[in-house]
Every structure is written in structure tokens, then in C-alpha cells.
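Below, chain A partners chain B and then partners chain C, in two separate complexes.
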Partner chain A sequence: MIFAMWDEVMFYLGPIPVDHIIVTEWLVIVFIGVIAYLATRNMQIVPRGLQNLFESLVIWTYDFFSQVIEKENAARKWAPLLSTFFIFILVCNLSGLIPGAAHIGGFQPPTSNWNVTMTLALITFFAVHVSGIMENKLHYFAHFISPSPLMLPLNLVEEVARPLSLTIRLFGNIFGKEVVLGFLLFLAPFFLPAIFLALAVLLSVIQAVVFTMLSASYIGASTSGGH
Partner chain B sequence: MKRNKWVYLSVLLLTTVLVMGFATFCMAAGDASAPVEAPRGMPPAFGNLYVIGWTAVNFFILLAILYKFAYNPINNMMEQRTNSIESNLRHAEEVRTEVEQMRKEAQTNLSESRKEAQDIVAKSTKAAENVKNEMIAKANEEAASIKNKAHAEIVAATEQAKMELRDSAVTLAIIAAERVLSRAITSDDHKKMVREFIDEAGDLLC
Partner chain C sequence: MAPPKKHWAKSLSEAVNLSTTIAAAVALGYFGGRWLDGKFDTEPWLAVLGFLIGMATGFKMMWTKAIANSGPKDRDEKKQSGEEKP
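Take a look at the complex of A and B:
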């Protein structure tokens, strides 16, 4: 049952199929957008309430990534992307804890699908190379043959391994969390899943932090030239 | 968090190009329908290009939404807050400088006032001293004048008293002589006797 609608087409938008998971992504985007709108519609010099919460989140992510990315201008440039990664992945991860997730049509936790995590990893992959080229111009490509041209194959493998590891790490954790939660709910519907739910919240936050922190460190390494 | 649309657009473009390229490759291999329809009850199929494409588009839509409703307003608010804080600090510095200047001015004024007060006190003391000396001198003069006047009056009174006493003595002497002698005395005797009497009486009186 928990895998029932994981990869199913819910409806077609013209010739393009729309999976249940894509509908969940839209809902997540609408949720984040509404929160962002409500938080920033009436900005005050002294923040309070939702504005305070959202500002703290954005500023915390910015400060966090600024520590990882050495160059100040690069940190400023890529912080919005990384903050969006964090917020999107966090909400997607936590969406699996809402009752009915993976059971109601159009409500599948997006990060439990490796196509979604792979997309995010691919965006990181391209962001890393774009940032490297922007900061170091053609010197950026020198890192492929660093410290010796003999290392070129290994460096290329590393470039491929990074998005792959990002994909599988996030997918594996969230997929595993969903599976375990599903089985626990099936085996013992009361009390026992509550303990695991707390761990699931922690896991969701940690995985969002890990994905964004690794992305930030890859971008930081490519912009600093010491790849 | 500067606006950098072109950077993100380039990343979106590269992701889209890769996804579309991968999709074309899969379709050319004749397996286009496989990633779309996964069998029920199975884990998600890897390489569902529609999910990948949609996710990429959705992510960048979310990025645009957050730019519009979060990053830009928060960035603007941060700049506004920074400007406000800087302005307040600048104003506080100006006020501090102004207060410092006013304090210095007040200190200077106070010193000048003290000096002026001391001058005034010194002048007043000196004037009072002068007045006192003048008054003492005047009093001394007046006292000397009164003393001299009194002395002169005493001398005059003494002379007057002497004269009156001489006249009385003359009259008494004449009466006494008339009584003693009981005779008429000529004018010359009279005058001679008077003169002698006066001389004797004057010697006795003085």
C-alpha cells in the first residue's frame, strides 16, 4: 500500500503526465509560498511573529552557508539557492509525517522518490560547475587534472559520484523512514510509531541540513579554487 | 543576497538541457514509456524523466516565489534595518559630538564665569576697602575739625569768662572800695585803684 501511488501518473496535462508526487510538490510550493507571503506581506523594522520566524530561517541559512563558502560574494550569490534547497527538502521530508501521506492520491512525500532527489542533486551539480567557472574562469578546469593529469579519471568519477551520493543519501533516508513508519503503523498502530515519529522529525531535519551543507561545501570548494 | 537571475537561469537551462537530452536518448533507445508507468506496489522507477523535469521546473518556480516573497523583501528589510541602524548610530555619534562640544562650552563658560565672579569679588572688595579708607579718613578729618573747633570754642569761652570775671571783679572792687573808703574817689584815683585791683585780681584768678 505504501508504494501504491509512488510512481503513478495522476493525470495528464496535455501530453505531459503528472505524477502524484508532482502534485505533492505543487502543494509544498503553495504551502511555502503562502507562508513566505504571510511572513513578508507587512514587514516591520522590528520583526515579530511569522516574519521573525521566516527571517530567522533565511538569515540562519545564509549565515550557515557563508561559513561554508569562503568567498563572501559567492556566498551571497548562492545562498538563496541553498536556502531554497533547505526549505524545500525540509518541508518535503516532513510532509511524509502528515497522516494520509502515501495513502491519499496526490500526496506522496517527494523526497522519498529518487527522481526528485536526483533532480536536486543535478541542480547542485550544475550550480557547482557554474559557480566554479564564474569565479575562476577557465582556471576552474585545471582542477580536473589536479594534482596530476593522471588523476583525471578519478576526478571525473568524483564529479559523478557527488550527485549520485547526494541522490541516494537523501532518497535512502527518507524512503527508509517512510517504509519503517508504514510498517510500524501496520504492525502497531498506537504508541510505538510515536517514538519513531520523533526520530523521523530529527531525521528529516538532519537530511535537509546534510544535503544543503554538502551542496554548499561543493560550491564553496569550486569557488575557492581549491576543489 | 543579491539578485542573480542569470546565474540561476543558466543552472535551470543546463538542468533542462540535460533532462531533455537524457529523455531523447531514452526514447531513441525505444524505452520511452517504461519510466512513466511503474508497476503498482513497487519502489519508484529510477529515471522517470517527467518527474525529473517537473521537479526541476517546480524547484525553480519555488526559487522564484521565494525570491519574490522572501529573499527580496527580507533583503530589502535587512538593508533598511542596516541603514536605520547606521543612521541611528551616526545620529548618536553626532549627538555625542554635540553634547561633548556643549559640555566643553559649558565648562569654558563655567570657568569664565568663575573668573568673572572672582574679578567682581576682587573689585568689590577693593572698592569697599577704598570706601572704608575714605570714610575713615573723612571721619578722622571731621573728628579733627570738631576737636579744633571745640578747642577754639573752649578758648573763646575761657576768654569770655575771663572778661566777664574781670568786669564783675571791677564792679565788686569798686563797690567794695566805696564801702571801705566811704569817700568819693576821684576819677584818677578810681582808675588807678581799678587798674591795681585788676592786676592783683587777674593774677589771683589766672
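Take a look at the complex of A and C:
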């Protein structure tokens, strides 16, 4: 919980300051990496255990993003990035629910900091334009003056508002969740927070789904020739 | 004919997204205008203009979403009543 905010620097890597959020991100990356390693270290033709689970997940995500992006080849190209977004954001959101988070050094949900959410939103922003240019070449830029050149300022504001919206929504929801849980634990340490912990898990999943789905639908719109 | 069914996750995302994107567009227009006002010493005109552009962007996004989500039935009815060009 975010009651004790850990924004201060933990240590320095040469001239680069490393704070608690970066350490949590590293832990999340290591956690996902270890799971991925365990799932793929001994690949069998007939999958079993973790390999089986992950193969099903990969097939499901390809089908899922094919429905949203519509273009099969674009979906296959961008599904790894989108799946990574989902897993990373979900684990980051849930990392705030580990007992002692934000009280133990190096344990604060990274998505409760807008620098992290903006970085993810900027990756989406560039992925949308890169995918649009890759699929439609220079015709992609025609959507900026669609349906009329007079709409150019509105279309430009919309393009910038999208990553801003992605940033604010994820940051606001996760930061809000942490603050509410922190206050509740302070006011009523027993029973009551349990209900909100369940809601917090739901919120974490919904926010990960929303971010990933919006990124997929933006990529889908840009690859189909316009927004 | 009913509108084509969307994936639940896509509908949820669009619903959650519209409110924050409209707010982001208005905020972007206003603060962008205010920043330009400071640069060109034109206070408050560019902030007002930016705010209006942000609002117009919000309405445009809402309009686009409403059109995209209106089912074939709605469009067929409009065509028959002559409201929409075939």
C-alpha cells in the first residue's frame, strides 16, 4: 500500500539514480522471465504443465487480437507486444497487493507512477504510427485530413489526447486504488479491507485489459487505413 | 438487423476510454493554449481557442463513435426515410 511513498532514491548505478519503482519493475521483469524460462526450458512435442498452459495462452491471444485488429498478419505481428503489455501491467498492478508493499524497500506498484504509465502509452503511440505506415505506406497520413483538411487540428489533438488518456487512466486508477487501500488499512485494519482487496484485484485486471484492448484497437484502426 | 456484436472487452474499453480521452483533449487544448499564450503574450486568447478546439475534438470523437456503433438497421431506416444518402 502506498501509505509510505517510496519516491526517494535507493541507490546509484554510476550517475543514474535508482528509486523504488525501478527496483519493483526489475523484480516484475525477473518474475515474468523466470515463469517464461520454466515454461520453455524443456519443450515437448506434446505439451504438459506450464508449457501446455503457455501454448494455450499464446494461441488464445493470437485469436483474441485477430478479432480486434482484424488484419491477420498485423495481429500476428503486434500480438507479442500487446500480450507483453497485458502481463507486465497486470503483474505491476497486482504487485501493490503483496503484503508490505510500499513499506518494504523496492516494493511499490510501478503503474502508480505516471512516468511508467506514460512510457507504456508512448510505446503504444509509436507502435500505432509505425504499424499504420508499415501497412498503408504514405496513404496512412491521409487520415489526418479526413474527412476534410479543416479537421487537421482536431485530428492532431485527438492523436495526442489518446496517449495522454492512456497515461492518466492507468496511473489514476492504480494510484487511487493504493491510496484508498492505504487509508482503509489505517482506519480499519481487519475485515473491511478484504472487500476492497477483492475490488482492487478486479480493478487491476480491468485496467490491464483496458490498456491492452485500447492499444490493440488503435493499432487495428491504423492498420485498416484510418481511425 | 441488430448491430454486429462486439467483443465484450472491446466494448468495455471503448466505454471506459471515451470519458478520459474527451477530458484529455479538453485539458490538452486548454493547457497547450495557455502555454502558447505565455510564449506569444496573447493571454487569454490562445487558451480560449485551445479549449474550444479540445471541446470540438471531444464532440468529434463522440460523434465518430456514435456513427460507428449505430447498427445497419439505423442506417437502413435513415436511407429509406431519405435522411442519409445511399
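Here is the rule we use: the second predicted complex is superposed on the first by the 222 of 227 C-alpha atoms of A that agree within 3 Å, B and C clash if a C-alpha of one lies under 4 Å from a C-alpha of the other, contacts with A are read in each partner's own complex, and residues count from 1 in each chain.
Definition applied: a contact is a pair of C-beta atoms (placed from the backbone, for glycine too) under 8 Å apart; a residue touches a chain by one contact, two chains touch by 3 or more.
Small disclaimer: the values here were computed from a predicted structure and weren't measured.
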Should A:214 be classified as contacting the first partner (chain B), the second (chain C), both, or neither?
second
Pick one for A:162: touches chain B only (first), chain C only (second), both, or neither.
second
Comparing chain C with chain B, which touches more residues belonging to chain A?
B
In the superposed arrangement, which partner chain does A:151 touch: chain B (first), chain C (second), both, or neither?
second
Quick one: classify A:196 as touching chain B (first), chain C (second), both or neither.
neither
Which residues of chain C touch chain A in their complex?
7, 9-10, 12-14, 16-17, 20-21, 23-25, 27-29, 53-54, 56-57, 60-61, 64
Which residues, counting only chain B, touch chain A once they are in their complex?
1-2, 4, 7-8, 10-11, 14-15, 18-19, 36-38, 40-48, 50-52, 54-56, 58-59, 61-63, 65-67, 69-71, 73-74, 76-78, 80-81, 84
Within their complex, chain A touches chain C through residues 64, 67-68, 151, 153-154, 157-158, 160-162, 164-165, 168-169, 206, 209-210, 213-214, 217, 227
Provide the residue numbers of chain A that touch chain B in the complex, in ascending order.
3-4, 6-9, 16-19, 21-22, 25-26, 28-29, 32-33, 36-37, 39-40, 43, 45, 47, 54-55, 58-59, 62, 76-77, 79-81, 83-84, 87-88, 110, 112-116, 118-120, 122-123, 126-127, 130-131, 134, 175
